[in-house]
Every structure is written in C-alpha cells, then in structure tokens.
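Could you have a look at this structure, given as structure tokens, before my questions?
Chain lettering (A, B, C, D and E) follows the sequence in which the chains are written, and residue indices restart at 1 in each chain.
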Amino acid sequence: MATDLLYGLLPEHILLGLILVLMLLEILSVDKRAGSALFIASLLAGAGVLVMQLQTGYTADIVMNEIRIDRFSEIGRLIIVSCGAILGVYSLSSEAGHKYWILIASSLLGAMIILDSAGFISLFMGIEILSLPGFALMVLNNGKSTASEGSIKYLLLSSVATALVLFGLSLVYGSTGNLNISSFTAAVATGGVQNLAASVMILSGFFLKASVFPFHGWAPDAYSSARLPVTAFLASIVKAAVVLGLVRILGNAVLNPEAVTVIALLSMLSMFYGNITAIHQTAFKKMLAYSSISHAGYMMFALVDNTGARTEALLYYVAVYAVTTITACACFSILSGEDDNLDNLNGIFRKKPVAAILLSLCVLSLAGIPPLPGFLAKFFVFKTVIASGHLTVAVLAFVASYIGTFFYLGVVLRMFRSDAETVEQPANATCLCWTWGGALLGTLALALFMLLPNIFHWVMTGI
Amino acid sequence: MIQDLIVYLIFMGYAIAVMAGVATIFTWVERKQSAIMADRIGANRCYLRIPFTNVKIVAWGLIHGIADGSKMLLKENFTPTTYDRFCYNLAPWLALAPVLLVFSAIPFGGTLVPGKLIDPASFPQLSQIMVNFFGDKSYVMQVARLDAGILVILAISGIGILGTMLAGWSSNNKFSLLGAARAASQMISYEVSMGLALISLVVTYGTLDLNDMVVWQSGLLFGVLPAWGIILQPLAFVLFLTACIAENKRVPFDLPECESELVSGYFTEYTAMKMGIFMLSEFIEIVVVSALLVTVFLGGYNLPYLTDAGFVLPMGKTIALSHATVVLVQIVTFLVKVFLIGCFQIQIRWSVPRFRYDQLMRFGWKFLLPLAALNLVATACVRWFTLKG
Amino acid sequence: MDRYQFLTTLAGLIFSLGLLGVVLRRNLLVVMMCLEILLNAVVLSFVGFAVRSQTLPGIAMTFFIYVAASCEIALAMAIVVLLVKRRGSLDLGAHQELKG
Amino acid sequence: MPSNGLLILALFCLPLVGALAVPFLPASENGKIARMWGMLCMLAVLVMAGGIFAGFGTPCLPASLLDLNIPWVGSLGINFHLAVDGLNIYLLLLTGLLFPVVLGCCWKRPETQNNLFVAMALFLEATLLGTFLAQNLMLFFVFWEVVLIPMFIIVLAFGGENKRSAAFTFFMYTMAGSILFLAAVIMMGMESLNQTGAWNFEFAHLMALKLDWNTQLFVFIAVMLACAIKCPLFPFHSWLPLAYYEAPPAGTALMAGALSKMGAFGIIKLALPLCPDVARAFGPTVMLFAVISILYGAIIALKQTDFKKLVAFSSLSHMGYIVLGIFSFHQAAIHGALFQILSHGVAVAGLFLLLGLLELRLGREYLNLTALSTHAPRLAVMLMLFILASVALPLTSGFTSEFLILFGAFQQGIAAFQANAGATMLTSVLLASTGMVLGATYMLRFGRAILYGQTKEGVGVKDMSLMEGIGFIPLLVMIIWIGVNPMPIMNKVTTAVSALGTQPANAQIQPAAAQPAASPAAPTPSVKGGANGH
Amino acid sequence: MDMSPYFSFFLFLLASVGFVGLIVGLNALLGPRSEPSAIKLEPFECGSNPLQQRNVRPLSIKYYPIAIFFLLFDLEAVLLFIWAVSAGNRDMATLSLFSFLFFMGVLSLAFIYIWKEGGLEWR
C-alpha cells in the first residue's frame, strides 16, 4: 500500500517535488537555467520510472476506486511526460523563467492525475489542475494586448465546462451513490433519463474543453493570443490530457446509439467547421486552432467505435497529434519567430530548408498524408469507425480530412514558393538551438511513431 | 414538537433581548469609558423624569442608549441620490441580520431540563404541569444546535461584509466608497488569521460544535485549572481577539469609518434608523464577538468547578445545587463574561491609537497571519505528541 | 415530489440561471458571479444526493469543488485586473480585439 | 516474419537513401555532385530492375530474393510487403528506365541543377517502386498517396507560371480520389476481419475472400474513382492539362510516363481481382468511358496549337486504350494493356523530354517553331521517331499494344453480340479504333508543323548533342524491342495475366489470346531497318 | 420527534430579519414623512458643493489582489478545518501530521512568494 503510493505515483511525486523546488528557486531568485535543467531532468526521470513500470507490467489499485495505475495510465502519463519534455526543450530558448516551468509542471501534474484516476474526484481535481495553470500561462510574460482577453474567454468557457461536468457527475452520483468511474460506465449502459442527462452533460463539458464544434468558440482566441510555446502547450498537452481523460472515463465501453449519433454528428461538424474555416486563416496560431478543432472532431469520432479498439486508436492519435503540434510550433518558431503571420513563410525553403521540410512534414502529418504518423492515426480511428459499421460517416470524415488538406497544403505551398520576395525578418535575438532541439526531438518521436505504429498495441497488450 | 417550539422561541427571544440589551448597555459603556479616558464626567445629560414629580432618574447616564434609539426612530428617513436604490435599502438588513444570526450557534447556558426546572418540593402543581408537558426532554441552551457551528459562524459573519460593501458602494459618495473598500479589504484580511486561530482550537477540541467545545472546557487541567481555551491556546486568544476587533471595524482598526477622515465611512449617506442600524450592528457585534470569545476561549457558561449537580471542588468538596440554580448561574456567568470581554474591547478602543491603512494591512498579513500559522503548526505538533505519547 | 427531488430540481434551476447569466450578461464580474452560481448549484445537487444516499463522496466532492471554484475565481480576478488595467472596462462587449 | 527479400530491399532503399543523402552532399557549382549522385543511384536501380526483369521467372533468380515482408502494423495485418510479381514487372522496368533517362535528358535544364529536384526525383522513384511492388493493400495505398508529395513539390518548385495552382489542382484532385479509396481499403480489411477473424490487408489474402455484391460494388467504385483520376479517364481528367503544362519537362515526363500508369496498374491490381463480379458487370460501362476518353482526348488534341497540351491530351487518349483493354476481360487485351502501359510510358516521356529540350533552347518561342528538320536534324529525327511510336505505327511498341487491345476487345464485343448481350461493346470498340486514326492525324500534324515548313529568319536551334541523345536511346530501344519482338517480354506476365482472366465466363475465349500475341513477332529485321532509314 | 436544528435556525433567521424589519418599520411609522429636496439629494461632501452628481467610479482595482489572496488563504483555512476535525484520530496521527506539515510548507512557500513579489505592500 505505502510502496504503491510511493512507487506507483512516483512520477507525480517527482513532478510535485519539482514544483516545490522551482518555487523555492523562484523565491531565492536562482538563475533560471537551473530551473530549466531541473524541469527537463525531472521529466526524464518521470519518463524513466514510467518505462520501468511498463516493463515490469506494474499495476496497482492505490486508492480503492479512486486512483488506479494500469497500463493505460502508464502509457498516457508517458505520452504526457514525453510531450512535456519535448515542449520543455523547445521552450528553453524563449525567455522562460521559473514561473513558466512551475505552471507547465503543475499542468502536467494535473494531466497525470487525470490519467491515474479511477474515481471522479481525482479526475475532477486533475482537470482543474490541468487547466488552471494554462490560463495563467497565457498571460505570463505576454506583452500582447489580447493575451488577457483570450485568457479570460478561455477561463470562462472552461469553467462552464467544469460546471457542466460537475453537474453531470452529481447526477451520476445521485443514481449510483458513489463517484467511481466504473459505476458511471455501468450506469450509462443501463440508460434512464438521469443517466442520459448526466452523460450528455459530462460529454459536453469534455467537448468544451476539447473544443469540439459547437463548443469551440474559445479556441481560436485563446490560441492566437498566447505565445507560441504556450499555444503549443494548450493545443497539444492540454488537449491530449482532456481527450485521454475522456478515454479514461469511457474506456472501450459501447455507447448507446443515440449518444453515438450525437457524437458522430458533432465530430463531423467539428471536422468540417475546423477544416473549412482554417482555409481562410492568415495567422499560424489561428490556423492551428482551427486545425485543433477539426482534430478534436477526429478524436471524438473514435468514440463511435464499438469494437473495443478505441483506446489504442486514441492513444496513438493523441500522442501523434500532440507531438506533431509541438514540433510544428517549434519549426514555426525557427522559421518565423514570434510573429505568427503565415506570410512569413513565403519562400522560406530557400533560406532555411531543413526547418521548412520539417514543418512541411508536420503539417502534412496533421493533414493525414500517408505514411506520416498523422495518417496512421486517422487510419486507426477510421478503421474502428468503419468496423463499427458506420461507413457513410467515415466517408464524410474522409471528405472533411480532404478539405483539411487544402489549408495544410497551403502552408507547404507558401514555403516552396520561389517567386515571392521573402519578408525581411527581424534579427532573432534569442538562441534558436533549443528550439531546434525540440523540433528534432519531436521529429524523432514522430519517426518512431511512423515506424512502429503498433507501439501502443504492444504496450497495451503487454508484449 | 410544540414543546421544542416553545423552548426555542424563548431561547430566540432571550438571544435577541440579550444582544439588543447588552449592546445598548455597551453604548453607555463606551461613552462612559471615553469620558473617563478624557477626564470628563460624560453621559449625564439625559434623564427620565418620573411624571408629576421633579425626580429625574439619571441612572449614571444609562438612559442615553434609549434616548439615542428613540431619537433615531423619530428622525426623517430620507434617501439621497444613490447608484442603486435596492442595494442601498438592502444594505442595513445585510449588516444587522447576519450579526444577529451568528448568535444562533452560541450556547449561552448549559443543559436545560424544563421538567426539572421547578422544584417539586416548593411548587408541586406547577412542577407537575411542567413534567407532564415537557417530559424529561433536555435542551442545550442554544438557539440552533448545529454540529458545524464554527463554520456556520464564519460563513454567516462573512455576509456582513456584503452589507458594508453594498452600503458603501450604492451610496454614491466618495467617503462611503472608500470606507467600503477599506472595510472589505480589512475584514477579509483579518478573516484569514481568524480562521487559522480557530483551526488551532478545533485541533485542540477535536470538534466543530460550539457546545461540545464548551463541554470540553468544563473539565479540569491537572486537576486544578479550568481547561479553558485561553489557557491552552493563549496565543490563539490574542490573535482571535485582535482579528475580531478588526472584523468589528473598531479602533484601532476603524479605518472604514474613521470620523476624522471619512465622515462616517460607508454609512455616511444613511439617515435616521438606517444609520442607527449600522451603529447598532456594530455594538451587537461586540456582544456577539465577546460571546464567541467567551464560548471558545473562556469556557462559555462554565464556572470553574460547577457541574450540572453543583460545585465539585478539587479538594473533594461538593456543594449540591438545584437544576434551576445551576441554569441561572450558568446564564449569569455567561452574561458576565460577555460583558467583561465587551468592556475590555471598549477599553482597547480608548487606549490605542488608530492604525494607518498600510500599517493595518501589514499588521494583518505580515504579522498576524504568520503568527497564526505558526501557532497552528505548534498546536498540530503538540497534538501529535499527546496522541502518541 | 420528495425533498431530494426538490433539491435536485432546485439545483437544476439555479444551474440554468447561472448558465443564462454566463451567456447573457456582459459585465465580467457578473459573469464570474454566475460561474459561482453554477458551481453552487452543483454543490447543492451533490449535497442533496449525498444526504439521500447517506454516502460520503458527495460531501468530499463539495470541498474539492470549493477549492477549484475559488482557484478559478482567484485566477479570473487576476486576469480581470490585468484586463481592466489595460482596457479600463469590465464590459465583455468592450473586449473585442479578438474575433474568432 | 521478414523473409529475405534483399534484392527488393536494396531496390527500394537505394533511391530512398539516395534522396536522404542529398542534403549532406558537398555543395558544388550548379549542383553537379548532386546530379551525379542522383544519376548514380538511378542507374543502379536501373541495373537492378533490368536484372530482375531479365531474371524473373527463370531459375537463376529465386523468388525468395524478390519477396520482402516486414510487419508494420502487425495487429492489423499491415505488412511492409514488397514483391515482384507478374503484373508489376513491366512497371518496375519502366520506372527503372524512365528516371535515369529523364535526369539525363534534362541534365542541362535549370531545375535539375537544384539539389531539391534530385532529392525529390529519387524520392519519387522510391515511392513509385513502392507502389508498384506493394503486396499489401494498405501499403499500396500509402505509397499511392506518398507519390503525390514529391511530385507536388517538383511541380511547385520548378513549374511554369501557374505552378501554384497547377500543383494544388494536381494534389487535391488526386487526393479526392483517395477519399473513397481509403474507405474501400478499410472495408477490405474489415471483410477480412469478418470472414477470417483478423484484420489483414495482404493482397493474396484479400483475393481469397468472398465479397458480396454491395461490398464489391463499393470497393469497385472507390478503386475505379481513384484510378480514373490518376489515369486519367474521361470525366476526371481536368487536372491533367494544367499539371502537364505547368510542370517542368522532367516532371511532365515522369507524370505522364510513370505516375499516370499507377492508375492503370491500380485497376489491374485491385479492381479486377478484388471485385470480379462487379468489374465484369460494369466492364461495358467503363469501356464506354474509356472510349469517350480516347475520342475526347483525340479530338481536343486535334484542336491544340500548343505542343505540350497536345501531347498531354494524346496521353489522355492513349490511357483510354489501357482501360479499354483491361475491361474487355480478354487475355490478349490485358496483355495489350500492360504493353500499352510500358509503351505509352516510354513514348510520352520521350515526347515531353524532347519538347523540354526545345523549350530549353527557345523558351516559350518553341511554340512557333517550324522547320526543325532543317535547323536540327538529329533532334527532328528523334522527335519523329517518338511521334511515330505514339501514332502506333506497326513495329513500334504502340502498334503491338493497341492492336492487342483492340483485337481482344473486338473479340469480346463479338462474343457479347453473339450471346445477344447487345452491341454496345462492339460499337464502343469500333469507335475506339477510330481513335487510332484520329491519333495519327493529330500526331502527324504536330510533326509536320514542327519539323517542316518555312524556315524563319533568325531562328537558330542548336541540334541535339551526343550527351542529350544518349538518354533517348534506351527509350527507343524499348519502343522498338516491344514492337518487334514482344514475346519474351510477354512471357514474363503470362502467368499473372491468365490468373486475372480465369473467370468462368472468360474460359472459352482464353485460347485465342496466344495467337495475336505471336503474330507481330515475325517481321523483326525489316522494321529495324525502317527505323534506321528515317 | 425532535425539532431539526436547521428549523430553529431558520426561525431565528426569520426573527433576526424581523427584528431589523421592526426597527426599520418603526422608523417609517414614527418618523416624519420624507420630503426630498435638492440639498438632501446631493451626496454629502462635508458641506461643500459636490463637483458632480455622480462622483464615484467603481472600486479601485488595487483592492482586488487582496481579494485574491483572501480567497486563496481562506480556502486553505477551509481545507484545514476538515483536517483539524479528523486530527484526533490516533491511528493516522503521524500521517496526518506529515500531510499537514506538507500542506503548511506549500502554503508558506506561496505566502513567502507573495510577500517577495510585493503582493503584500500597500502604497
């Protein structure tokens, strides 16, 4: 019991310790490089522990019906931690003080708590710990006038989402008498007005946090007003954690047909809306936001599945999406600095070919061009959907993804233009080497995902 | 059920009467104190003339309170241009009602068994009626026996801030607004220390129920000392008292309404009895705070060595007392303690100069709060030792 | 309607009220108050169910909800302070530099 | 379970590694080192491809060397399975041949002097090889899509004025085809799941499945759509003029020569074996479209004044023959279609490359060029040879293939007519044969316009240098070899083709296939002389 | 059946409000009828003429940080109340103490941080 508490949650403990130490460092005004190094080191240590747990097939019920470590949570946390490390390396070069690391680490901690939870109390706390630092991150060191505005919008809608989830939870609690995730899943399966209302509320809350179509309003504003590393963070890790949280709740359970219809509809709308709106964007972050809306659609699309392959498909999707987004942002930082106008990319290939090619790969991966991991991820989702007997919607989703290709390709198009006179860029004062590091790490991870698409299947089934 | 209703209605009547009455007396105490401190005679201009005679009852000026009240009741109650008439009118209610309500959780006497109240030897019939009516039901002398009393008190007293804020904000007056802002920030600042000080008490007593706390304090320490909170938690007492005075917005923490700076602070624009309500609420608050202090730190209605059966002295002597006497003694003890503490608070008012705003905040946050936290840590450690050792 | 149903219904009504407030009101502080109303409705619902089923998780949840709510509000206040310093207005309609 | 397909692995990896190595090559003037490196890689591939082609089906090249099978997504039965089989052997050869030729013929052009071009060309080669060799439906799809990326970049980076819209149209148009294609791919995997209990995308496995009519219909439509866009076939051709016109000559040559063949190959590889019943039922309809393509392409070509567009539309017309041949379900016609793939690929690439040479010399002015035979006789001869090959002059490859196609289709038409199944098929074949006449008309007009006529003052065209000429030799050899002696080549694919045509309905006309295949083989020597005589 | 304490609490609530109502009502009853005049309606400025009728802006923003700190620290207090009630459990004494100390440690970190950042300075 005590050992489980210590060992099973060791990554969380490391992160928590990191936060405390960073707070101390901040108070003592220690050089900020120490904090960065500590951050990366802790995340690596956490990842190491997780790998060890995976290798030994460690599982534990740490707090009965509240915190459980199983393979899913280990993989999920590994994804989160690794993405955090990549993001950390990437944001080393931007002026990040201890505060930045504290906030990022807290958010990561929240994400990990979400993935550990087998009960709704810790899940809820995880969600809160995940999102709250995000709002602060958006206004931290942000000279832009729109930062606080975007942040407050995000905060308001996110809080509404929290309230929705909570109200749904209270209804579940009313019908089951406890707050275990397993009993929720069972209750949803049995149906009834109260349970239906509960699942609708919980789902809409999660949809809001994941910016699925009718609940997407905050995403473009929030993403475009934050700094690029923060945008990357919000779009990748926060979203990944929310989606994985939903997976944690629903697991491979089969949803009832009405819910499936609604989810399919919403995810479809999300894909189309995101992809169509993205076409007209001229700012990278806005484009990323709409792309993230459409990707939320794809991720939610996997919930339609009834073959029991949802978890693996989504793990892969989320991991790939998160890493790709971070890498894309890192590449964009290299290419354009903090200015997020897409016109900066015009003809950039001639100046910075490697970064341009990496960005193209990321963007094409997001578009789902084979054999890039983004395609495989989509393929796994579509595969489960079609295998669940929803061919028509799957084809519609293909069409949406096809439409999405337009704007992703637009980015590539800009970079390979040879006729446009390149915009003269302001001298970039900050050292880009860490940004490069982040981009390369991300690329490596993506290459791994591409070569071993089966990775999560192996790990989930314990090979 | 009907018996309960009767008993509790009596309790409520008593509670309100005590608060209003003692508060009125405190207005006199304050005048008198100020006179003494300023070396004046003071509070002697008001008298009650017995009709058709020339006998004037001055009663050391005690009648001043009544005169004040009647005067305010008879004044024109006009409303200046406000931001929000609704809030303006609502504010006095919010200022006074919660203060009264706080008293609901405070036990002002021990266990009352109405059936045993009347000595069957002297009044057999009356006693029989009581026994028939009430049976052997027993009541804790408390308006509402809430098992999370302290939390209720904290919660309800927080509402008072709203009254202050609304009054200041809706008045459309610079002084009011400034007063309200100061009041709000001051009250919430000191509420933190207050809460922490209370927590250390909760750790000591292990309960949130105020009556349980009082019962706990009826025991003895080392066989001799009364086990009062002030002996166990002297620092917490000081902290709590300070915080309470600040909560009351009284000197030395009377920034929100300091006459020399802000006219009357947040209730500058109020007239007649509405102004009176704010004044009254301040004095009732003294009563309530004193009652709270008495309850959690000074053994409440307990007199040392007094139990339900009578006095049990450490040397093994006992003096048996009837139930009615015990109840009476407890009630009187409580009142006396409250009165003394109230006087002490007023004493402070006339002894200490007013803080500046920044001094006040610094004192609250940088001195009181860390001290309260340290006290809590120490309490926790001691608690651990007592549990383990 | 027993008292628990009453509580749930009441909670639902308050929740809808808060939701309406969040959607319709323009003043940032009012919107935040409405957020609090939302969370209070949730707490009411939890407590109601907890009392009905005589179980603990609902009670525990309320504390966590309060923690989360006040953290949210604290953060929101901080951001509002920033916003108002820049813009000098609490009206949401005045903050339209960002258009989705 | 990886088997030892080392040769295939080398074949596939060589250009890929070559492409990846390009950024690390030392910088040189005009990217000479990169070009040399690219050429080296491509030649090595050609050597290997030629070796495989020669050795295929003979005991000296064991089949195990030609079968690379590495699990990729093992749980879903998606393997990295590349192998040489009867159907793709032509395409292997074609790909191996075209790339060095294209690079060699465009040696002096500005685009090839860019490292990016070399890398992309190598990458394209690898992906094309992957497409043709894939033995796993999913892998096939992946390569099918990936091919777009290098081509897209080549058009985008090195194209003409409207390159952006051309590249975009090309990419999006072809992507559109794969929407349903991917659905069909997943459907196939699911069928496997339903029938055998496990996901599997291996061709061999999928072909053994029994699909019901609706599934077949869906898969057929999806595959046909994708292939028709790639080919292109009549209503889906509108990307073609823009893309062919705007791409650099090397790109156009590759697109017309190799990329468009993916469509035809896809039909043979997927549509026929996976959904035989539906393919058979819809054969006449598709043939109709093919005929429309043939005629439409020819007629539009007739009206073109721009040579590049003319060749582009002729390409549309010729691709129609391939589809016609495939859907006649006649062994000879399918042989013909496969030949046409090879032959058209070579011929059209040659034409585009020659136009590229002209463009290099004259810029856009080459459109008004006349009397090339006077200015630059060697160039003129070369051009004429390729024109004749695409006119399908007997003894060139074009003739062999188109003859086989029409022959087979005709037989099938007659058989259908005799079986009272209507004269639609017969009519469409007859119509298609008029396309040959039209083809001769526009091609020869094109030849006349450019080769002969008034010599203009001040127009000097540098004749073809030896270096430039060398590149065209292999293509010519190919054209004439097929035209004169197709049997050895044909034998390579006979097994595979007869496997395609073993449907019961087709049984009685199978024996006829051998005859027409043999007939053009006889007059070998004289043709060679004729060709030299020009 | 005993009366619920909440019922008596509710009664007392009514009584308190009633008490206020009584006072206000008495004033309305006994006091002279209100006759507004220009002087009565203007905001009180110690006798001098007010510069404008509405001379107060909404609350100064500098008070808000205090509200935020209050929220945070009072919240900790609420959590500590829960801990305090259960602190008497003998079996969990050590765990309880250490979790408390940890909690207070984090809290004091935050407190020191606020202090250092100048959040507790006024002026």
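We take it that a residue touches a chain if its C-beta (ideal position, glycine included) is under 8 Å from a C-beta of that chain, and two chains touch if they have at least 3 such contacts.
Since this is a predicted model, take the numbers as computed values, not measurements.
With subunit A gone and every other chain left where it is, what groups do the chains form?
Leaving out subunit A in thought, the network of contacts falls apart into B, C, E | D.
Enumerate, in label order, the chains that touch subunit A and subunit B alike.
Expected: E.
In terms of touching chains, how many steps apart are subunit A and subunit D, taking the shortest path?
1
Highest contact-pair count belongs to which two chains?
Here the largest contact count links B-E.
Select the chain at the greatest separation from subunit D, using centres from the mean of Cα atoms.
Taking each chain's C-alpha mean as its centre, the farthest from subunit D is B.
Average the C-alpha coordinates of each chain, average all protein C-alpha coordinates together, and give the chain whose average is closest to the overall one.
Measuring from the global C-alpha mean, the nearest chain centre belongs to A.
With chain centres defined as C-alpha means, what is the inter-centre distance between subunit B and subunit D in Å?
About 97 Å separates the centre of subunit B from that of subunit D.
Counting in whole Å, what is the centre-to-centre distance of subunit A and subunit C, each centre being its mean C-alpha position?
Distance between chain centres, rounded to whole Å: 26 Å.
Report, in whole Å, the distance between the mean C-alpha point of subunit C and the mean C-alpha point of subunit E.
Going by mean C-alpha positions, subunit C sits 19 Å from subunit E.
Using mean C-alpha positions as chain centres, tell me how far subunit D is from subunit E in Å, no decimals.
Subunit D and subunit E have C-alpha centres separated by 82 Å.
Residues of subunit C touching 2+ other chains?
Residues 67, 71, 78, 80.
Give the pairs of chains that touch; include all such pairs.
A-C, A-D, A-E, B-E, C-E
Can you list the residues on subunit E that touch subunit B in the complex?
Listed in rising order, the residues are 1-3, 5-6, 8-9, 11-13, 15-17, 19-21, 23-24, 26-28, 30-36, 40-46, 53-56, 59-60, 63, 66-67, 69-70, 73-74, 77-78, 80-81, 84-85, 87-88, 90, 93-94, 96-97, 100-101, 104, 107-108, 111, 115, 120-123.
What part of subunit B is in contact with subunit E in the complex they form?
1, 4-5, 8-9, 11-12, 15-16, 20, 72-81, 83, 92-93, 96-98, 100-101, 104, 143-147, 150-151, 169, 171-177, 180-181, 184-185, 188-189, 191-192, 195-196, 199-200, 202-203, 206-208, 263, 268-269, 272-274, 276-277, 280, 357-358, 361-362, 365-366, 369-370, 373, 376-377, 380-381, 383-384, 387-388
Using the touch definition from the top, list the residues of subunit E that touch subunit A in their complex.
Per the stated touch rule, the residues are 105-106, 109-110, 112-113, 116.
Report the residues of subunit C in contact with subunit E in the complex, numbered from low to high.
Residues 63, 66-67, 70-71, 73-74, 77-78, 80-81, 84-85, 90 of subunit C touch subunit E in their complex.
Quick one: in the complex, what on subunit D touches subunit A?
By the definition above, subunit D touches subunit A via 23, 71-76, 78, 116, 138, 141-143, 145-146, 148-149, 152-153, 156-157, 164, 167-168, 171-172, 175-176, 179-180, 182-183, 186-187, 189-190, 193, 199, 218.
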